[in-house]
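As structure tokens, the structure follows; a few thoughts come after it.
A, B, C and D label the chains in the order they appear, each numbered from 1.
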Amino acid sequence: MAIDLEETYKDLHEHPELSYQEHRTAKIAADGLRALGIDVVEDIGRTGVAGVLANGDGPTVLLRADMDALPVAEETSLDYASTQRATDPDGNDVPVMHACGHDVHVTCLLGAAEALVGSKDEWHGTVVFVFQPAEEVGSGAHAMVDDGLYDRVPKPDIVLGQHVAPAPAGVVGVHAGPAFAATDDVIVTLHGEGGHGSRPEATIDPVVMAAATVMRLQTIVSREIAGGETAVVTVGTLHAGTKINIIPPDATLGINIRTYDTGVRDRVVAAIERIANGEAAASGAPRMPDVETLDSFPVLHNDEAATERTIGAFRAAFGAERVIDPGRVTGSEDVGTLATAAGVPIVYWLLGGLDPSLFTHGLANGTTDADIPSNHSPHFAPLIHPTLETGVQALVVAAREWLG
Amino acid sequence: MAIDLEETYKDLHEHPELSYQEHRTAKIAADGLRALGIDVVEDIGRTGVAGVLANGDGPTVLLRADMDALPVAEETSLDYASTQRATDPDGNDVPVMHACGHDVHVTCLLGAAEALVGSKDEWHGTVVFVFQPAEEVGSGAHAMVDDGLYDRVPKPDIVLGQHVAPAPAGVVGVHAGPAFAATDDVIVTLHGEGGHGSRPEATIDPVVMAAATVMRLQTIVSREIAGGETAVVTVGTLHAGTKINIIPPDATLGINIRTYDTGVRDRVVAAIERIANGEAAASGAPRMPDVETLDSFPVLHNDEAATERTIGAFRAAFGAERVIDPGRVTGSEDVGTLATAAGVPIVYWLLGGLDPSLFTHGLANGTTDADIPSNHSPHFAPLIHPTLETGVQALVVAAREWLG
Amino acid sequence: MAIDLEETYKDLHEHPELSYQEHRTAKIAADGLRALGIDVVEDIGRTGVAGVLANGDGPTVLLRADMDALPVAEETSLDYASTQRATDPDGNDVPVMHACGHDVHVTCLLGAAEALVGSKDEWHGTVVFVFQPAEEVGSGAHAMVDDGLYDRVPKPDIVLGQHVAPAPAGVVGVHAGPAFAATDDVIVTLHGEGGHGSRPEATIDPVVMAAATVMRLQTIVSREIAGGETAVVTVGTLHAGTKINIIPPDATLGINIRTYDTGVRDRVVAAIERIANGEAAASGAPRMPDVETLDSFPVLHNDEAATERTIGAFRAAFGAERVIDPGRVTGSEDVGTLATAAGVPIVYWLLGGLDPSLFTHGLANGTTDADIPSNHSPHFAPLIHPTLETGVQALVVAAREWLG
Amino acid sequence: MAIDLEETYKDLHEHPELSYQEHRTAKIAADGLRALGIDVVEDIGRTGVAGVLANGDGPTVLLRADMDALPVAEETSLDYASTQRATDPDGNDVPVMHACGHDVHVTCLLGAAEALVGSKDEWHGTVVFVFQPAEEVGSGAHAMVDDGLYDRVPKPDIVLGQHVAPAPAGVVGVHAGPAFAATDDVIVTLHGEGGHGSRPEATIDPVVMAAATVMRLQTIVSREIAGGETAVVTVGTLHAGTKINIIPPDATLGINIRTYDTGVRDRVVAAIERIANGEAAASGAPRMPDVETLDSFPVLHNDEAATERTIGAFRAAFGAERVIDPGRVTGSEDVGTLATAAGVPIVYWLLGGLDPSLFTHGLANGTTDADIPSNHSPHFAPLIHPTLETGVQALVVAAREWLG
């Protein structure tokens, strides 16, 4: 076998790259495809890569992996842990880590390409391999589509892909219908009046305003969303002040929202604005906060019929006990854009990535313990085997279900 | 007259420098002293400058100005407003502004040097002019003393100096006894567990922990300090998170404390630690917060007898109506270190710097309106005249009181 | 017809009685049954009433209505609004209102009794009519069972009942499986140290401790419960202090919890205790809070097969468009105890009670607007027609499904 | 001696009475005066008592004691602890305790009357003994004046009185000028929308609104009052809810304010209203809170000259070491009304009432430890000796200073 999955994975893990900076990763993907004799198009949507493997008449299947990493300081003790740093879009020097497992996705897609090339006599049709940039900022799929993806590679009949998750390695999880939440990012800038730290009475303290706002934002989920509805409202960033003895003029909150229903989403966004305004008024703020909505992408809806068919193929390949229904998850994905833009169905599944012995409480309710490092944690460390082998096989099995 | 006060001031204001980066300012001070024929020692305590003007037998008077500016983005609309940026000690690129008026201090001390040189036949003794770095981080005076200040210039009999303040221009304010508060900086790092923004249940959210802590810190002053005591507790910086959809592993609060009494100070510091621990426990934090005490300097105590003598001189020079007692203020100053290290008294006064028409509510209770931009505000803009002239005269009058 | 539904309902509405004080209501129920020739047993579980209508061989069906009202001050402008007051178990004089619609339940069950008596030649078997006390405090069903209910009336083959809800009048809502949440009440008493309102520094303020705890309790749902899980945590009562200028020694929170899963319930209870302890520690409390668990009853689980059969009967009677699946609701019910104690299935449904024109947003997501007064609101005012007629018919239709 | 101070005190302590309910206490006072041959007027300002002891020409001195107790549940383990209960003005049954030491005041004033009667040949003039009701609700002095006090007894030349305090027994504390703070009570009623505890999404939760408001109110003192100013803002009562599973429609906060400056007072009251409105807006409240100002009385200003004269008399009688200056205190007193209404000076002092061994930290800063039970605490327990003897002597010494 030409591709050493473990070696490829460790190399990618050790060299993570931020969104739209995936030059090294894209080169590995492109070189890997070319080494297998697959035609490659590069620089789609800035750093995206697509390979086309045409193998006679038949359906076209798009397999997708995302490539970008996150500004997280890795705290695993792996010998291939990242020590990389990069400059983020705001010009800050930040640590970088594959804390969301996109390195698994890239590795598995290369492995699947090799397997499909090696079994060309067993199937017919066309496979498009997409290595997408910038999933973490929610715009990479759009960027590839806007940059003419489907003018440059064949339009698919179905889009398939996977995401590594805090479930036992060896398992795949597929949920029909709304499977991944919509996500919205909202930036709230609270305006106070700066001054000397010793004279708060001559200022309007934005740090206190921000703290009160964060506490109040918790009540959106606890008081305004019904038990039968779902919303997650996370203040992921909170920044105020440059010097301890200065009361700064403002404070900025970065708020991430997850919902499955646009009515709920709209209520959450309206509540954020109402709360920010109310807290500004309580502080006697000189003006109302700025509330800006950023990066937003919709619910990922797994096509019911295609999902049922994929589940059947997985059960045949892995045994029914290794195919679970995780329910809908609050994570979000922009991969749906690749299907929506082509007007075709999508099936996107979870790939278990952690040591099964961690799951002492069972899988019944789809919940993992706070002790199990999940995606975006500085401790997130997928188990290499059998995660990579299962991920390769899942892509091949699902693709072959359509390729015949 | 060789020194154009207004031009010097505007030039300094337009070119502010952070603590220990006052190279340009120090050069202006040193060149200015040398142009007056005064002996100069440079690079004391990194960027400090001292000049010695010996004029026969008599007492030695030390006049002090501090030189550093702050990481504040200037929001005045002055045509000499700063647009400077610099790299702060953490490596971040930050805006810089003379938001505390040290440019006034430097200008006035140069003006006083010129006046004292020009009137040498009227007085006897020695004047030491000290241009001190890094007052804002509380270590500049120490740095100069530790770097052998009093081995390199004569030890003074008295230390004198002034700080521009949000009082009417033309006025000086002097308070005998404890006049400026002690200040302590405390850094609290709250530890949570990071993870994906969509799955808070798998994390311990440090942003919520930080917000709850900020709200609780308010209760130290509101509930634990008696009506007859004084403490100010300001959270000047609050930073958490690098990306909106990631729950970060920790959050950091920078807390500034002002007190006049060590018992009160100790209670405040103990309460901060108790609250941080309690809030961490409420969150189920994986470990207790780190609470680190930084930059700390004591109460500035104006010598009673020397203050009374200075007030007399000021009244004679300015008229009684321009000499007020502002009471003790919650601002802090490390200038006391220059006196303590020499074992001599100090008199340090406030120099009114704002348009008198702003003070519609009178001065009776020493309080200014939140509408009047005070020190450290991005809107702080001293009135040039008669602030500079008054500042020069105050230094000369006070110095001459000792020089005979 | 002997029973005037509207008149009975208005009379009950105007004369609400607190839990275990339903003497007048019980008498109306007992007298009504007796007037129909039904055998009556009174004073079961203090104020409970049961009637037995034996009509030849066949199954035994138990139909249940609860009788108690709530300490709420009615704010409807109905001409039959309650102005009643009563002494609650703590000895306080409180207003009383049928804010949860148990008056509808009693009226409909009397109407159903009359209808079943009038149609005795169409069915065979036995109907047990249960008028239960004290549903609101969660102990009335237990009290009747413990007081020998099934020694005094025939043990049923199935338990049936209904609850009026903020859905359109004319509609019934049935959900198979877990249909009503488990509920737990937790009392948290926070201990501070009392003292004079002017000298907080000599006290530990329990009001601030309580406020911080309430804010923190919101984070259980917002941060500790996954998007796919359900919990509701409500602080329904908060009491502290007797006089404005006294800082009281303690504060008491009454917390109501709703869950569908015992794992989630246990996490919520543990989090309440952790937060209360953490906030007490942050306050420097003299001792840890008392956390006491009260009234607790489990999930109401509608038997799948029996529910399907009931839905079929409802569809036939009402038309499919008037039979909805409301999903599981976060309300709770102790009626399950009557089935569990007999070891038989239960089907319990919702009865729409509000003007259909209020539901402008549709019923699709089972959510009602904050503008629609729901159960326990001082504005809760069921529409008399067709609510009562539908409720009578639903009881008869469901009972007849078993009675043949 | 006819009056047994200890026995009288214990009897009063064991039988405390709420404001305007001091019937038993008033009778003890009136009977005691009459037994000494003093003329008595009863029922002035509802339950007030005044005695007049005319002893020839000379000045008229008014000595005042207040009589009422507080709705506090006594937690001392004294064998004469109160177990009394009473009906408060809202109709609630509440515990009652002499938690503010007015029993000491009554006892000492009876003792002083006996001493002055016994020494009539040593002085000349008139003494008016006033036993005032309802100091705790701030209206008792007004009530007596409005009810014609000075038509019924001679108008005094000076008003004298004392308050027992958490200072060492045997000590008296006198402060010239503003000595006791102004006090204002503000009631804030926050309006939400009530409903079922399981369906917060259909309500506006006033408990959360109240908690957020309490946390925010802390920032008035911590952020809006300068270090050199004084304000105390205490939420002494917080009540919401009647039943744990009902979200109530509103919540009520009772807020007590202490200030020395009307500008500060006005800013505090404005900030309370601003914060309440802001928090209501953040909650999406159906209407803005009701903010009502109650019981308000001004700063008690000890006449400078009269105070100096009294201090001289105290020093001569007790020795200088037993006469301290406690500074101004944040407690409030309506006794000033008796002087203002007569247009005469007042001197009002503190009477130490606790075991001196408790004061391990010294008296220097006038602060007592949180461990020392202060006025209004359920643990407040004055040391009987020498508190009572010192209190009697202080009244006699001060009165005799004017009586000659």
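Criterion: contacts are C-beta pairs under 8 Å (C-beta built on N, C-alpha and C of every residue); 3 or more make two chains touch, one makes a residue touch a chain.
What you are looking at is a predicted structure, and each value in this text was computed from that prediction instead of being measured.
Trainee: Report the chain whose CA-based centre is farthest from the CA-based centre of subunit D.
Mentor: Between subunit D and the rest, the longest centre separation is with A.
Trainee: With chain centres defined as C-alpha means, what is the inter-centre distance between subunit A and subunit D in Å?
Mentor: 64
Trainee: Please tell me the distance, in whole Å, between the geometric centres of subunit C and subunit D computed from their C-alpha atoms.
Mentor: Subunit C and subunit D have C-alpha centres separated by 47 Å.
Trainee: Distance from the CA centroid of subunit A to that of subunit C, rounded to the nearest Å?
Mentor: 43
Trainee: Name the residues of subunit C that each touch 2 or more other chains.
Mentor: Residues 181, 198-201, 203, 205, 208, 212, 215, 218-219, 222-223, 226-227, 229, 232, 258, 329-330, 367.
Trainee: Once you've mapped the touching chain pairs, tell me: line, ring, star, complete or other?
Mentor: The chain contacts form a complete graph, every chain touching every other.
Trainee: If we count contacts the way the header does, which residues on subunit D are in touch with subunit B in the complex?
Mentor: 181, 215, 217-223, 226-233, 258, 261, 263, 327-330, 361, 365-367
Trainee: Across the complex, what residues on subunit B touch subunit C?
Mentor: Going through subunit B, the ones touching subunit C are 198-201, 203, 205, 208, 212, 215-216, 219, 222-227, 229, 271, 274-275, 277-284.
Trainee: Flag every residue of subunit D that touches subunit C in the complex, lowest number first.
Mentor: Residue list for subunit D touching subunit C: 70-72, 75, 88, 91-94, 99-100, 136, 166, 181, 183, 185, 187, 193-205, 207-208, 210-215, 218, 232, 234-249, 251, 254-256, 258, 294, 329-332, 367-370, 372-379.
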